Structures are given as C-alpha cells and as structure tokens.
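You will see subunit A twice below: alongside subunit B first, and alongside subunit C after that.
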Partner chain A sequence: MLSRRLASIQSTRGYATKVTATAAEGRVSTLTVKVNAGSRYATKDGVSHLLSRFNFQNTRSRSALRLTRESELLGGVFSSTVDRDAIYLSANFLKEGLPYYVNAIADVLYKTSFKPHELPEIVLPAAKYDLTTALASPYFKASELLYSASFRNGLGNPLYYDGVEKVTLDDIKAFADKVYVKDNVEIIAKGVDAKALNGFVQDSALSQLPAGASLAATSTPKFYEGVEVRERAVGESISAIAVPVKPADFATYEVLAAYLTSPLSELSQSISSASFEKYSQAGLFSLYVKGEASAVASSIKKVVSALKGGVNLSSATGYAATKLALANESAVIASEIDVANVKDFKLGKFNYVALGDVHNLPYADEL
Partner chain B sequence: MLSAIRSSVTKSAVLKRTFATSSGKTQYTSLQNGVTIATESNPAATSASIGLYYGAGSTAENAWNNGASNLLNKAVVGENTAEAAKKGLVFSANTEREYSSYLVQGSSSSLSDAVEFLNSKVASFELNDATVSKYRESLAQEVATFEETQFGEKALEHLHNTAFQNTPLALPKRGTSETISDLITSDLAKFHKDNYVSSNAVVVATGNVDHAAIVDLVEKKLSIPSGIAPKVAAPKFLGSEVRLRDDTLPGAWIALAQKGAAVNSPDFYVAKVAAEIFGSYNYHEPIAKNLGVKLNGVVNENHLADTYSHFSLSYKGAGLFGAQFFITNIGQIDDFVHFLLKEWNRLSISITDTEIARGKQLLKNKLAFALDSQAAVNQSIGSQIVVSGRRASLEEAFAKIDKVDSAAIKAWAQANLWDQDIAVAGTGQIEDLLDYNRMRNDTSMMRW
Partner chain C sequence: MASHTSIVKAGDFILRTPALRSIFVPAAKLFCAYSGYRQLGLKFDDLIHEENPTVQKALSRLPKDEIYARNFRMLTAAQCGITHHLLSADKALKPSEDTPYLLPYLLELEAEAAERVELDNVEVAK
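For the complex of A and B:
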C-alpha cells in the first residue's frame, strides 16, 4: 500500500453494493467503480468494450460536454477501461471534489442516455481506434488467439469490438441494464473518509440502482489444453505458448513469470515477453518469442524443452515477492498471493500460437 | 524532467490510484563528506526503495564522450541485475540530461543489503574492457533503433539540440550510435571518477524506512569518493530550426518551443500552468471535442493534428515551453502551426481567468498523480534535489500554483513568447512546415 493507510473500512450497510474506502493523507483521491462486466460476461462479442466506451457520454442529468467542463475546473480526470473481468469507471481528482465525482459516476451508471447518434458518431469510431491501436502490436493478436484457444467462451471472448458479430444500441442498453445493478458493482475509493463516502453514495443514484444478481464467476471455467493455432501475417513472427491456471496454482505462475523475465533465468535472453494475468477463478500464463521466423523457431524450441525439463523456482521467490509488493502498492485491487512456498515448475500440456511467417515456425508437436 | 510531460488525453491504460506519500514529510540529512540523504517514510508500505542519484547526465558530457553516462548506466545494470535478483532485490537505473539514478527496491528488512549493493556495484564499480565492449554494441544498436522508430521523441531530442546549440543541453541524452561506438573504457572510467563524487550525490529512501536508520547505514556502508564535480557551462537558448524530412514515413512529427523557465526560476509554475492551459489532445478520443481548450475547435473540425502535447521543460539555467505534435494531414501543417502560435499569442494579451483556473487544477492533478508508484516518488525527490538543490513538497507546489493569475501569465508570456524567437525540429513528411521566418512572425500580431 503506497498510501498511508489510516483505516480501511468495508461496508454494505443499507445497500448491497460493496464499498471499500481507504483513508490517506494528501491532497488527492481516486474513486473506482468496478463492474463485473468484462468481456468474459459479454452477451455479444465486444458489447463490454462498447459499453465501456459509452461511459461518460450524455446522461439524463448532464451532457458529456458539461461533465468534461465541470470536471476540469474541479481538477479531475475520468477514465473507463475494460478488461476480461470488469469495466472500471475511474476518477482521479483533488480531495475536495469527492461529492461531485460520486454523483457523476453514479449518474453514468444509472442515467446514461444511450442516444442513437452517439453509437455511430462517437462510440464506434473510438472503439475502432482502440482495436486498431491494439492490433498494431503482434503480442495483442497472439494473446487474443491464446485466450480463445485456452477458454473458448467466457475468458476466451474477444476483448474489443471488431464488428464480426453486430452489436446494436439495444444490445448495449440491455447489457447495461443487466450489469449496472447493486450487487454487481463494487466501489473502491482511496484517499477518502469512509463515513463521508458512504453518505455521498447513499445520496447518489448508486443507491437507486436496481437490485440484481452479481455476475462474478464463482467456479473455475473449463480449460482447453493442447490446442494449436497458426495464422499467416506480415511483419514480425511470434511463437507463443499459454497455460490456463487454477487459482490454487496462481503463486507458482506468478513466480514463473517473474523468473523468466529476469536475468535469474538463462532463458530470459530468448523470451521476448512472459506474463501471468489473473482473473476471478482462473488465470492465463503466456510466453512470447518475437522476431525473425527462423530465430523464433530455434528460441521457442529451446525454451519449451527447458521448461518441459523443469525449472527450480525457489531462488526467484524473493525477487517475485518484491515485484508483487511493488505492483500491489500501485494497484487498484491488491492481489493476495503468497509466493514464499513456491518450489519448482514443470511444463505439461500447453496451447500454442504461431503467427506471422508460419511456414518457418515450428508446429506444436515439434516443440 | 522529460518524464513529467508525457501525458495525453488517451485513457490511461493502467488504472492509477491515489498515492499519498507525496504529501508525506521528507526528512533531510547532509553527511560530512557532502552526500545528501532524503527519506520519505510510509509505514503502511510493504516495501522499501533506496535510490542513489548523481547530478551528472548528458550535460556532464562533451561532444567526444557523448553517451558515456548512458553506457555506464547500462553496463552497471547489465552486470549486476542478476545478482540483485538473487537477493530478492529489483535493480533499475536511468539516465537523464542532468542526472543519473540507480534504484534498488526490496523489503524493508533488505535495506542493509541494498545499501551494500549500491556501494559495491555503483559507487565503486570496476570497469574493464570486456564489460564495456559487451554493452557498447547493444547500446549503439538500441540507440539506432530509437532513431528509426521513436519519431516524436527524436524530434524532441533534435529540438534540444538546435535550441541549445553549442551548450551542454544540446547533447542527445542517449548519445548517438556513432558516439557510443567510439567510447572506450577510459572514457567511462573518467566519467565515473569525475562525476560520481560525494558533493554530486544524493541518497533517497522511500517506503517503509526510518530516517535515522538510513543515515546510519549510508554513513557506515556507502563510501562515495569525496570531490567536487566539474562545472557545467550555462545553457543558452537560440532561435533556430532543424528539418529531417523523410517522405517515406506515415506523417509528420514536429516539436516547437520558445524560451521556458529554469528549475529555480520564479516563473517555474507560471510556465507549467501555461502549458497545461493547452494540455494534450488526441483526435481519436471522444473527449477531445469537449475539452475546454479553444485551439481544439479548429483542430477537431479540420483534423489539423492527430495528437499534440504541450510541455514546460525546466533545466538548470534554461527551459523550453512548447508543444510536440503528430500530423497525418500533412497538407495542413502550416495551418496547425499558425493556429497554435495564435493561441500562444493569447497568453500575452487575452487569456481568460477560466482557462487559467482550469489549467491550475489540471496541473495539480497531474503533479499529484505522477507520483503513482514508489519508484516515481523516489525519482521525484532524488532528481529535484540533485538538479535544483531542493524539492518542493506537493503542499508547496499547490500553494505556488494557487498564486498564479492572469497578470503573472501575461507578464511571463510577454517577456518570453510574444515576438520572441522559436526553435523548431521536425521529421517525417514536413514539406508543408512553413519557412522559419513565417513561423517566427506568428509569435506576435499586428493588433494587440
């Protein structure tokens, strides 16, 4: 926790929305509303992304223009981001603006107008820009394929709207009605007084949100392993492997990702990127080798055979613990993983993606 | 201080949260050998960071050893990161124009290890030919790649080069692939010996740390050779331009600036507020149409620019106020530059109180949220002390920002922007970037 915590108070008094408030000294606060409405819960591909892009547009109480202009004068900045788990509506602002920002975000959840012209004129171009920017990175393409191979549905859904499955304004409205309900949203505030926050939340539209079930996953989704995907593309080639992970194994893969990207491992020279992404009830470890196809082919073979032979991770637990502590200090929601007892790792079944000059990239059974 | 400006209207990829140590009390101690120690304690933190800052970056170099600070930095990190990781420490380093920093992060119980590490691996780093040649090639390659891919940054580098020509601030902070390939061990050894000395060093500890314990540790375990670092010549702004036209690139990257405020200038926050009045812009973000910036109207309507970002960069004895922008509408670069400079004119004559109030609030937000990680806080403290001799707390910065008003902005702009020289650097398809004198003429108007 980077903030000087004075007290962290959780409460659900009077309404079913979970509120976590952390007091802190200083001049600024952050307010985040986490909605379990990420791409894994999407009713149609990309609807989460479009809903996220609809946030902070016109509402019945304020136009988008007014919201931006008012917020600027109060010294605050809004953002709405989407990942596979959730949509996060966030405001970073000077402390004295708390009542305004609670009210503004509440209105976005409860009163967004969804005007017909906003979809083609504002939301779709912005969504297309997100997708184009993301697709400029071959890592993103490979990662989408790995998620799809490992989970098929749910976590395997595409993160961004790509227009393959048409999404109408009514689909977005219906999805908003389904996800913006009391039990499905969580309020996380840093640098605020818990009592004051509770008061402002009660007075805002957040307390008027309809009741409804939480969408949060409660069981581990089905994993698919041993899948291979090959796709031709111009540009640099990528060979990537991924392993879907159960919550019980989170610590091992956390250390593994830290180990493989640090000079502790000889393999780090051959690996372009390795990461472990954690979601509710499941995670995905992925490893990428990027570059010219023949070099990629020899590197990925070397890396996979070394991982199949097993690696000893006990020397990397201290390093991984430090990395995790530093990440937690800046994270909206800290992950509580104890990496101290991690011992070793051996690669079993995995999913494989070859992207680029596939003619010169190895097949999964050659690894 | 370049890092302070890299912001845009795009949604933040990573959610930031508040980070309150920025308001915490910083405690200072100066040791007898001249080393300054600053700590900012946060008992709630689970980790601790200790940074060693030297007031020597590319400005401490010359045309013949340019890139030495960068190569030294890379060699120290490359040789020692694995050893740090074995001890559970995360080691990183950074070179800027006016300082080099080395940061070790770990648990609070590992502080003693961390200080010993800084002592043996940084303060008394032993260089040999094998090490230098090992990192020289890869760094030269890295810098060449930078020049071939990061065009916005490249324009900004060339802006410094032309605006401060023949002074130390002109040297590229990374060096160039040519100068780096020519460096030999004795260049680095001399740079280390001359600049990594006690009067030029600051130790900063943040996170779960205790000031007295840190002072004790540094006194016992960190031995930095005493000495006075060589004096760096004063920079001087010169209106000028440099054009690196390349019609094979998919657009134009241009940086344009006028004389700004130095780090210890009384106008430091005035220039920062002025930059924030125009802020940054991304054509593709829906919010760009709603921002309270007059310039955005004409830019949006005609797609004059894809992105722009204003900056107020401050160094010892000099600064740059300006903007960098990326344009794909390459037939209207002249229009964008014209409207941009006409807006800057308004800072001297007709800037409104609302625009200033908005700029002040957004600057406060930016300063506070820039301190979003322990490394950022450590760097903020270390770099400011080592460059300007002191660090303004967030409280102090906010108080000074509150004092900025339209009279201050106008007085500063009339002295530094109105009818004053400009520096311009551009790369990509810049055929339509007007002749220097046409741009220079736009810094004033025929009417008041």
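For the complex of A and C:
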C-alpha cells in the first residue's frame, strides 16, 4: 500500500468487541468506532440518523459543551456519521490524547443521558439540516429512490430522518440499547499502539457495554430488479439506473464504476456520475445522467444501449486497482477486492429512476 | 439578582443546620400559607418571574401535561382575581400539592450557563 504501515494487529481478547489497530508514522491518530446500526437496521425510519446525531451530546460523566471544549484544547475533533451499514463515531487527535478519546467515545456509547429537551432543541434541527442539504442534490434524491426500488426494506430504508414516521425519544433510547452492545461494536484505530489501545479500551466503559447479538447482515438481502420510478421535481432532470450486486460480483462493478467515470471510456462524456457502493452482503452500482431533460434522454439511451452491448473492462483494471488503493488509504475499513481478473461486463436487468421533467425523460422500456 | 441556584444552596444550608431549621421552616410554612397564592389555586413555582430567557427556556422544556396544568392554574387565578373571589378550602391548593415543578429545570439551565462561563474563562496550565 502507499503508506508505510508498520503493523496491523487484530484482537478480540477478553471481550467480544473487535479491536483493529494500525500503527503509522506521524503525530495524528484516528479512532473510529463502527456500530452496525446504519439505516438498514433501523427499527423505525430515520432512527439511526437521529441516534447518530445524539452522539456526543450530554453524557452522565460530562456535558456536550465540556466534551467539545476539552477536545478542542487537546487539539482533536469528533464526528458521528451514519450510512446504510453503520454509525461511525470517530475522533482525530494528536497521538498523546489516546486515553482521553477512548474514554470519551466509550462514555458516548455507554453513558449518553438522552435528555428530553435535547431532541427538539439540538438533535432534530441538526437532523433536519442534514436532510435539507442532502435533498438539495438531485443525486441524493435519485439514489434514495434507487435504493428503495432495489432493496425495498433494509438497505432500501431512507438514510435520513424525514419525519414521515414519527420517532420518539424512547424509540431512540431503545435502539441505542439494542445496538450499543459489545458484539455489535468494532474499534478501528490508525496511528496508535495496539497494546496501549487494548489497555485503554479495557479500562474504559467500552468493556462494560452489555453483551448482545451483532446485527451485522450475514446473508444477501432480496434484490428487486426491473423497477421503474418516476417523480416530478423542479430543477435539473436526472435519469439514473442501478443494479443491486452480490458480494461475488463486487470486483466487476468496482472496475465498471471506475471505468465509466474515467477518460478510458467514451461514455464518460455522457455520464454525470457513476458509483459503486459496497455494504455488507450487498452493493449497489448506480449511474446518473443529469442536466436538461432532452439532453439527458439522449445520453441515457446511448449509455444504456452501450452497456447492454457489453463493455470490455480489462483495460481499466489497473486504473481501478489504483483508485481502490487510494480510497483504502482514507477509508475506515479497507476493502479487499481483487480486481485483476475482471474481464467484461454486460448490463442485464436494472432499476430506473427518472426525476425532474419526467415528461421529456424516457421510460425504462424505451432504453 | 440572586440566582435560583444560590437560593437553593442557602435553603439547603438552613435545612442542614438544626438551629436555623427550627426557626426558618415553620416561618416559611406560615409565610407561604398566609401569602395566599394557594387560595388562588397557584403553586409557588407559578410565581417565579418568567419574563427572562432562563425561565422562558425552562418553560419550553416542561413536559406537555405540566405546562397544561400551569396554564390552567394561571387561568383559575386570573378568574379569581377578576371576580374578587378566593377558592373554597377544598378547591384551594393543598401544601402537599405545592411541588417545585419548574425549579429542577431552572437549576439545570443555570448549571449549564455556569459551566459555559467557567469553560469560556478557563486557563490552560502547561
């Protein structure tokens, strides 16, 4: 890999929480706690987003303000993000701050006080902000529709809380009790000494987390293909296709996404964005064409017919491997996909979303 | 202005000191009984001056049923005032019902504000 990784040590000694520590040069460490509590595991729509926003609020040991100010003095920063798979609580800090940050994140998991006023005063406005900024992008709207068309439940759940299904504080608390358990939590640290980290984790509230089952998906969810969704919206039009992917085909689609967005492919001129998002046991390849409706219509027709005719991906494996390695450098968990043996790709059944000026956008059967 | 925190602190000191307690507790009970707000159906916490940001914030944090009950007591008291009537003994508030429902929220808010001031003025020793 590109960085000089000294050692990567994994351990589950003494407690069920998995700890992965990677030593690295430099003064900065990163500590991430991955909780299998993404929107696919949500008991109610949006509850995992609200829980993610509840992280780093008041705990029984220190208030949110104190946590922020103390961390600022130590030169570190916290963040809590949610995706379909997991909630990530992460901290970036100077190496010597490790014990403080292990403790702080442990307290968030174990001792968050969930005060009733925090929900309307802090968490809901923050959640609303997330949703509003996300919805400003037609890509996000289209991807939400593609996910819900491809998976319906689980991965198809909305990523953010939208208020359609009411979530109360008790729902959030119950969800937190369910997901913040030993087996469902994984600690990933970069730039720290593994032995020291293990010691601090043992001493922190992380080792007091209740035992409970891991929620992580163990089987591939059911896929739905050939679904078409059309939605009128003001603004730029977007036509998108998506293919739900089994873990065995991850490499093909990884290369395909890299190929279609690179100058190696002639289609890259017509495609606005193509991405392959990997989750545990399933992935979704999606391709977007955005712009003025009539231009979108001709572009998407061209792209889909070219993909149906088949594309040779062997020229792009090297490019995809480099791209993957670069992404792994900054990723929380490096994905181990071997793209070397990918040959060609032919588009079969897919899901289709037309968003915007749907009157001028093609139907799925016209593609 | 004395904060609620300092008043509660003084109150706790009096309760802890037997000599002071034996004087102040009966006097306070007598004062509350004779000040007459219970005969208008009010609780002591209803009398707290509410036109300031701290109390407004505390009121916004009250549970729905508490705020409903508070508004009902206020309306009752206003009606009593307009009609120059006092509530009959069975309808007047009993001392056991005179609970400090707002005070915990005020104390929490004042603690938050005090913590903020403390952290704003913290000096880092190297």
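Rule of thumb we're sticking to: the second predicted complex is superposed on the first by the 364 of 367 C-alpha atoms of A that agree within 3 Å, B and C clash if a C-alpha of one lies under 4 Å from a C-alpha of the other, contacts with A are read in each partner's own complex, and residues count from 1 in each chain.
The rule is short, and it goes like this: a residue touches a chain if its C-beta (ideal position, glycine included) is under 8 Å from a C-beta of that chain, and two chains touch if they have at least 3 such contacts.
These numbers were taken from a predicted model, which means no experiment stands behind them.
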Touched partner set for A:Ala213, first subunit B, second subunit C, both or neither: neither
Partner chain(s) touched by A:Ser262 [first = subunit B, second = subunit C, both, neither]: first
Subunit B versus subunit C as contact partner of A:Leu73, first or second or both or neither: both
Which superposed partner A:Ser90 touches (first subunit B, second subunit C, both, neither): first
Which superposed partner A:Glu25 touches (first subunit B, second subunit C, both, neither): first
Subunit A residues touched - subunit C or subunit B, whichever exceeds: B
Which superposed partner A:Ala136 touches (first subunit B, second subunit C, both, neither): neither
Touched partner set for A:Ala325, first subunit B, second subunit C, both or neither: first
Partner chain(s) touched by A:Ala340 [first = subunit B, second = subunit C, both, neither]: neither
Shared contact residues on subunit A - subunit B and subunit C: 65, 69, 73
Contacting residues of subunit A [partner subunit B, same complex]: 1-5, 24-30, 32, 53, 56-57, 64-65, 67-69, 72-77, 79-81, 88, 90, 92-94, 122-123, 125-126, 129, 190-191, 262-264, 315-319, 321-323, 325-326, 328-332
Sites on subunit C touched by subunit A in the complex: 60-61, 63, 112, 115-116, 119, 122, 124
Subunit A to subunit C touching residues, read off their complex: 63, 65-66, 69, 73, 116-117
Complex contact set, residues of subunit B against subunit A: 11-24, 42-47, 81-82, 85-90, 105-107, 284-287, 290-292, 354, 357-358, 360-362, 364-365, 368-369, 372-375, 377, 394-395, 398
